[in-house]
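After this come two complexes, each holding chain A, first together with chain B and then together with chain C.
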Partner chain A sequence: MTSSTIAPDRARPARSAGTAQPSRKHGQLHRSEARGAWTLLAPYSVLLLVAGIIPVVYALVTAMQTPPTPLNPTVSFGGVQSFITVVSDFRFLQTFINIFSVIIVWLPIMLLGIVGLALLVHASPGRFGGTMRFIYYIPGALAGIANFVLWVYLLNPAQSPIQGFLNAIGLDTIKAVVASPANLPVILAGMLFFQGVGTWIVIVNGGLNGIADEVLEAAAIDGANAWNLTWHIKLPMIRPWIGYAALMNLAYGFQLFLEPYLLDQVASNALPDQWSPNQLGYAFAFSNFNFPAAAAMSLILLVMTLAIGLLIVFRSGIFGEEER
Partner chain B sequence: MASTKKLVVRDARLESHVPRVVGSQHWTPGRIARIATMLFVAAIFIFPMVGFVAMAFRDADNVAAGSDGFLGLGGMSWDNVMFSWSQVNGFGPGGGGLFTTWIGNSLIVSVGGAVLAVLGAIPAGYALSRLRFRFRRLVLIVTLVTMVIPNTVLVIPLFLEVSAINAVGELWPVVVIMGFYPFGVYLSYIHFMTTMPAELVEAARIDGLGEVAIFLQVATPISKQAVALVAFFAFVANWTNFFLPLALLSSNQQNKTVSIGLQELIGSSPLFNPTVAAGLDVKLYMPQLALATFLSMLPLLALFIGAQRFLMRGQTVGAVKG
Partner chain C sequence: MKTRGSRRTTVKTVLVAGVASTMFLLTACSPAGTTGDQEQTDSGGKITVWVDPPRVPAAEAFVTAHPEIETNVVQIDGTVGGKNLQQQFAQFNQAGKGWPDAIFFPSNDDIAWATGAQINYAADLTDDMATVLEGYDPAVNAPCEIDDKIRCLRNDAAPDVFWYNATFFAENGYSVPKTWEEYGDLAVQIAAEHPGKISGFLGDAYAPDRYLWASGCPTNARQSETEVTINLDDPSCVRAKDLINQLVEGNAASTLGIFDADAATAGLELVMSPGAVWWGDYLFNQTWKIPAGTMAGTTPLTWDGESEPSTGNEGGGLWGMSSHITGEQKKNALTFMEFVATDPAWQVELTTGLPGYGPVQDAWIEKQSAANYFAENAATFEAFKEAASYVPGDHAYMLYNTGGIWAETVTPALASGDTFDAGWSAFGDELVNQAKTFGYTVQSE
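Coming up: the complex of A and B.
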């Protein structure tokens, strides 16, 4: 271990501690410190290996194999054949088009809702703002299937509280509501907004609270009204959070599974069974038992979300300078 | 140069922070518009939830007929909910009882996963924030990236792995997989960054303590907040996880969690699948589905309401500014 390789890691804690240790016996201390660090990291490292790295490597190996068939039950090396199978599947492109049709409707509404409501909450000091923030947050507890059942209640014209509206636009059964291709992106956008917006309001609100009081006071003394404060000070200062929210939600959109999977179930199979990329991967694995293709599909999705993930970590400005 | 910049974590005191210069004290049009907008949005959030919970206390025929008044609040009764419970609890072979089995399984995997997450995350977060070693930056970046990637992307590779060791349908692989919780490592990392001065570690070293002993005797006693946050978020994430149990546990009726159990209840409802439902002793209409959903979410709702302030602080830690 040379001192140059550890210098970046050393510099920060030493600086924040404000204590230089010129007299330390570097090599020995570092070795015991590194040994301690890896001991403490051991449980997490095992979990990271077992639930993160090994499955990806194993998926890579699986994707390079040929699927067993009744005629030839042994697997052999298939190169990129399974990737070709996946990409040339007639549903492959369509699943991504479907995802984009949702993201285009949902992401702008989501960002507008997050930023707008976070700003409104921040402009409401005291108990009222806090209560509102909490109310927006509650549906987050209903994430997943509970949110879904709640939406079945909203969408089924038979008993929906918005029955009048649904009937007025000519929809009488839940199948009719869900099965229209134009409705689906709007419905999914609504579901995702309802369960997700509250958490993000809290996060962006935390960013707003990080703006120093002095800045806001100085602007107010200069004659800025609430609108000026919002537009010229608050919004520019929470830009990293908005970027973070946009990218995280984009990544979330790529992995949609539960909602289209279950909507299909309540709409008497009126939707395509493989509507989203994750559903297609699921079908490769559990309907076709083509594990190499399923592995290839997940790796394609993984690469896409990994790219978004790297953007978040290195470009959103949310995670400290030292991660750049 | 990256190494000269230090990580600064913003103070995330939410409750004590009252912005004084915003929010007019007079009833100006702007103020009225702000309050009206916020109340309107709150109503959009609350009405469906109230109507949904009320439905669990109503009669299926009235629900289908759309009677019982505003949000169905007029038709609520204890008898209805007891009947609904008999139907939900009666689901399953040989007199039912599957629902409570599912709840039990959810408890096992959620608690087990959260315990593993804490055991992994607390020491790892400490090591990453306060110890110097090779590849520290790499481990941190891998943790951050795995934290922001949606976990469902890995479900099929995980299924292949578990299937390779013939453990599909068993609970323990789900517990282990849920124990991998990089967001918890990040929470713990931020916790030690902000609450534990590096001088404290130095002082303990001078006193002759080893690195692991410093963690156990100095860091652990001040990590209660981090333990609670990691446990809470991990528990909620595990409880609502759908895709992982669907892939790993669907094949074993007795080992399903309640999230995929609810899916089975939906699939057995005469509203959506008359063929399957015709063969069942119990009838699962909307009130029964609402009750099952409400019961399955009760632990989370209670936690959310009980831990409100605490939790919002933790969410904010999830997005710190460097």
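Coming up: the complex of A and C.
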């Protein structure tokens, strides 16, 4: 361990340049430092307990019960029955296929967009770069609903500024635009891209700013042009950030709820009510009154996103834990 | 290594806290399983009523007419097919309190869970409101008759009549069809001779009511609390399917739904269609702004080989009362129910829907026909009155939402240019699957 971080989870991104700092003797931690670490950790731990651990445990307990049904309204221990109910539900696989159909379109565009635009912003020094960074950030700064309403205007052939384009490809009504199964992944990919790309440009840009000036100067003295700098220096050095962006966005994709839910309302209910896994969980709870199945569904999603989260922490290298 | 050590301690602490909280939750949540049969309570007279936005005037009229009853009027979300209401009632049952004393259900399907064993909210009105029930045509109040008990009151009757554009028919010399088969043929003929003219809407949640219910197709044939018959291969379904297919193939129907914003333009091209009595005022007059003297309603269509017309039903709201109250509170809630179902101050003066309660229908017709909006005004209102008796029985509101399933399966298939057959088979599969997820045993004969 070369880094001097105390609590790895809370460490600020380590300087990728890897300038070896004088490291303390292995693992020696003063008592005052430990107290400080605990103090810093305490508010987060309380929050984690109230908003994370307790709900998860409650979900676990609920998932192990049997749902009350008209024939048997009592609640008893059901073991893994509710997990079987969820996995064997006729919509379960389809919801994940739906999600993947969006991710396959969206994630590559998202990553290319983030990295490409962040590199461009970083390569444009001074006021111009700052202005562009701000402009890219604007769509992400709009709250989810405002962003959504803008999209509805854009997609509705009756009001859209791209009306001509929509009509040219044979779409005359908002229902025709949204309800065709093949259109939905593209629409959602567009919505998610503009909503998220600005924030991620700022984050990746932060990673680029972390590259020490000496490294870039040295490369320039060795005769590297802007293209060489980008390809051989910057890109390898921000690789952890790219991995971080990919996994965080993947985790976000798994939890889609609002966009398909609202598009369904816009399209006069022509989309499936249980389009995404989260919507299926919602339906288990509030249409079927099967709270154990809803809890099981959310636990399945939790395991998936938790796995992605652990991958970020231990494999992306962005938290500076791994050996160099 | 100290760093790791302290992390392990954290994990241990969190685990202990987690286990402790689990024990707490286990004890705190044990009564959550109880349902239904709480003791009935009496507030001493004060009642709370829940109404959707269009029914607010009804509650206000009640407050004016009965100032002696302390009434708390709560306006609720009126979205048809909304899930929030169900969720709230599930929570009231867990808490053992919080139910409204009377409610207008925003969706007719709501009556399925409101009378189901889990929520079991709606009171049995069979004896308490016997005199009011005498004024109802049993066919009109049929949705409220569940396992031989009357569990709600119908606010308005909403049978389909056959609508046609009288001006268009007169100008072009067409004669109004009498059978469903004639309707299909004429629709295709008109679409060919006058491209752009349409004879129906297929994309809304009421479309299966309009065509499948009208044919007696078993999509909602409730056998008992837990059993239902769904069989789309039944001849009655097949003839309705063939008719819709004919309309689709002949470009004679819009794939939009009647409530779509885009339907306002398409609606002006409508030359004929089966449709609920409320289409006249709500859709044609107020929403699509079709000029007066254009549209006319007539007797519903008959299927070839049958002697009587057969027609669907689109909505026609339901009033329910709490089964959790007694004493003065219950007496006042019953007064409220009787008022909103029967009193001319609401049913004649304010409502735009044909009253479900028979004795006030004539007064409502007299008031509405004075506007002289329809082309064949007298005949249209005559058709309104007789239509309710032509709605096939054996169609209950279920926990699954047939109209919603139609909107999610058939509509996208038609909107994306797929065949109607593809949408139809998806509709059948989804119907059976959804019914099963609600715990129904599905029979197919």
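FYI, the second predicted complex is superposed on the first by the 274 of 324 C-alpha atoms of A that agree within 3 Å, B and C clash if a C-alpha of one lies under 4 Å from a C-alpha of the other, contacts with A are read in each partner's own complex, and residues count from 1 in each chain.
In this section, a contact is a pair of C-beta atoms (placed from the backbone, for glycine too) under 8 Å apart; a residue touches a chain by one contact, two chains touch by 3 or more.
The structure displayed is predicted, hence computed values, not measured ones.
J.: Determine, under the contact definition given at the top, whether A:74 touches first (chain B), second (chain C), both, or neither.
T.: A:74 contacts chain C only, not chain B.
J.: Please work out whether A:84 is in contact with chain B alone, chain C alone, both, or neither, and reply first, second, both or neither.
T.: neither
J.: Of the partners chain B and chain C, which touch A:93 in the superposed model: first, second, both, neither?
T.: In the superposition, A:93 touches no partner, neither chain B nor chain C.
J.: Touch check for A:158: first (chain B), second (chain C), both, or neither?
T.: both
J.: For A:41, select first, second, both or neither according to whether it touches chain B, chain C, the two together, or no partner.
T.: The answer is both, since A:41 touches chain B and chain C.
J.: Using the superposition described at the top, determine whether chain B or chain C touches more residues of chain A.
T.: B
J.: Return first, second, both or neither, reflecting whether A:289 touches chain B, chain C, both chains, or no partner chain.
T.: The second partner, chain C, only.
J.: Between chain B (first) and chain C (second), which does A:145 come into contact with in this model arrangement: first, second, both, or neither?
T.: A:145 contacts chain B only, not chain C.
J.: Between chain B (first) and chain C (second), which does A:181 come into contact with in this model arrangement: first, second, both, or neither?
T.: The second partner, chain C, only.
J.: Which partner does A:273 reach: the first (chain B), the second (chain C), both, or neither?
T.: It touches chain C, and chain B stays clear.
J.: Considering each complex separately, which residues of chain A are in contact with chain B in the first and with chain C in the second?
T.: Common interface on chain A, chain B vs chain C: 6-8, 34, 37, 41, 45, 48, 54, 58, 158, 268, 282, 285-286.
J.: Of all residues in chain C, which touch chain A in the complex?
T.: Listed in rising order, the residues are 1-3, 6-7, 10, 13-14, 17-18, 21-22, 25-26, 29, 32-33, 35-36, 81, 83, 86-87, 90, 116-118, 203-205, 225-226, 255-257, 259-262, 399, 404, 407-408, 411-412, 415-416, 433, 437-439.
J.: Give every residue of chain A touching chain C within the complex, in rising order.
T.: So the residues of chain A touching chain C come out as 6-8, 26-29, 34, 37, 41, 45, 48-49, 53-54, 57-58, 61, 68-71, 73-75, 89-91, 158, 172-176, 179-183, 268-273, 282, 285-289.
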